[in-house]
Amino acid sequence: MPTDAEIAAFEAGIKFGALYHQFAGTPVSRESADSLEIAIEESIANQPHASDVSVAIDGERIARDADDHGYVELTGEYMDVAVSIEYDDREARAEMSMVDGYPLMQLVSVTQG
Amino acid sequence: MPTDAEIAAFEAGIKFGALYHQFAGTPVSRESADSLEIAIEESIANQPHASDVSVAIDGERIARDADDHGYVELTGEYMDVAVSIEYDDREARAEMSMVDGYPLMQLVSVTQG
Amino acid sequence: MPTDAEIAAFEAGIKFGALYHQFAGTPVSRESADSLEIAIEESIANQPHASDVSVAIDGERIARDADDHGYVELTGEYMDVAVSIEYDDREARAEMSMVDGYPLMQLVSVTQG
Amino acid sequence: MPTDAEIAAFEAGIKFGALYHQFAGTPVSRESADSLEIAIEESIANQPHASDVSVAIDGERIARDADDHGYVELTGEYMDVAVSIEYDDREARAEMSMVDGYPLMQLVSVTQG
């Protein structure tokens, strides 16, 4: 049987995969970045065991890359994400940020909560 | 060549297909319905020729259908949507609402703007 | 009331928005491009009034752009799409391809079917 | 620092969240279920550390639930999924199936590979 720590890590992974693949491709401009940030945070926080979801969308970078219509399609390049999971007495923490030009999802820690 | 009226109608269709298939499946609770409404409206309003996007998510219905974790996956059943397109001097208006138990996307009118 | 030609154009738009926002972000490699092409075609062809859906995913371009893991996330840059709609006695035809570096969805024609 | 076993579990979670939220909402009929199965398997198998991805879409259930147009939008209700991850010398195995009427993603085992 998997340990509580492993299940906490699994749950953290689900949230990242869900968040990324639900919202990647969303049209986003500098002006609409804030509302999308909040919606992503509140949406993923609904999922089981998600104790904290924090999303930062980089409006400056979007403004720089935007096409004539003023927007881009959301990708990992424009987002920093941190998610905390509580499963029984374990807490898993994971982050997504750019590493060597690619958005990388990383399990940061699994600790006794 | 297509007429301006036909292009306006085509653009309205794009917005509906985009909105629906980008956001269907998003975890949503009564509490997070408002932020998702705003994010969908502002996101789709970024797209070319979209002059007005109005989304209403039915929090009561979500609360009624929610599982033990308090949320559902967003489907057409929980949304009313209206989109207006301006293309040259034509305005197209389209709506999505429930008809006979299915979410139906309908072109309402194409008029001289 | 909208004309049949306008409704045919609206339906073509829906298919494009749906196709793009359902599948954008899908992990795709040169090796998996064929199965994704077929799945997209068959999926969108299910939708009402879609008489023909043709998708070409550019495996060479994917191989060129792929990261160390050999894949990219699907965007309009890697796809050519053509969709035909039949609505009553009208046929609408639309295409998506790269124009000036951006994927552009265009209504090509609306004719008597 | 997380253990290899925890990272393997995290990676399994990512694949499940990705698979579900990328493809939920896809129009699918009994006839198109096979091509969608293959495309999902091959797509997710592209992702890092995914050693096996197995998807079964229930065409009979789709036929039973389909609307007048012969299709449904894909949800967890129509899919059984199993994913294996290899990370260093650890193997994580996870499954999604219906439990009490809800699609449940479960970490089945994390073993020495």
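The letters A, B, C and D name the chains in turn, as written, and every chain counts its residues from 1.
By definition in this document, a residue touches a chain if its C-beta (ideal position, glycine included) is under 8 Å from a C-beta of that chain, and two chains touch if they have at least 3 such contacts.
Every value quoted in this text rests on a predicted model; they were computed, and no experiment measured them.
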Chain whose mean Cα position lies farthest from chain B: D
Chain centre separation (chain B, chain C; CA means) in Å: 20
Between chain A and chain B, centroid-to-centroid distance (C-alpha), Å: 24
Chain A-chain C separation of Cα centroids, rounded to whole Å: 28
Interface hub residues of chain D, defined as touching at least two other chains: 18, 20-22, 25
Pairwise touch network: line, ring, star, complete, or other: complete
Contacting residues of chain B [partner chain D, same complex]: 20-21, 24-25, 67, 73, 75, 102
In the complex, chain A residues that touch chain D: 1-3, 5-7, 9-22, 92, 94, 105, 107-110
Chain C residues within the chain D interface of the complex: 18, 22, 25-29, 31-32, 35-36, 38-40, 42-48, 69-71
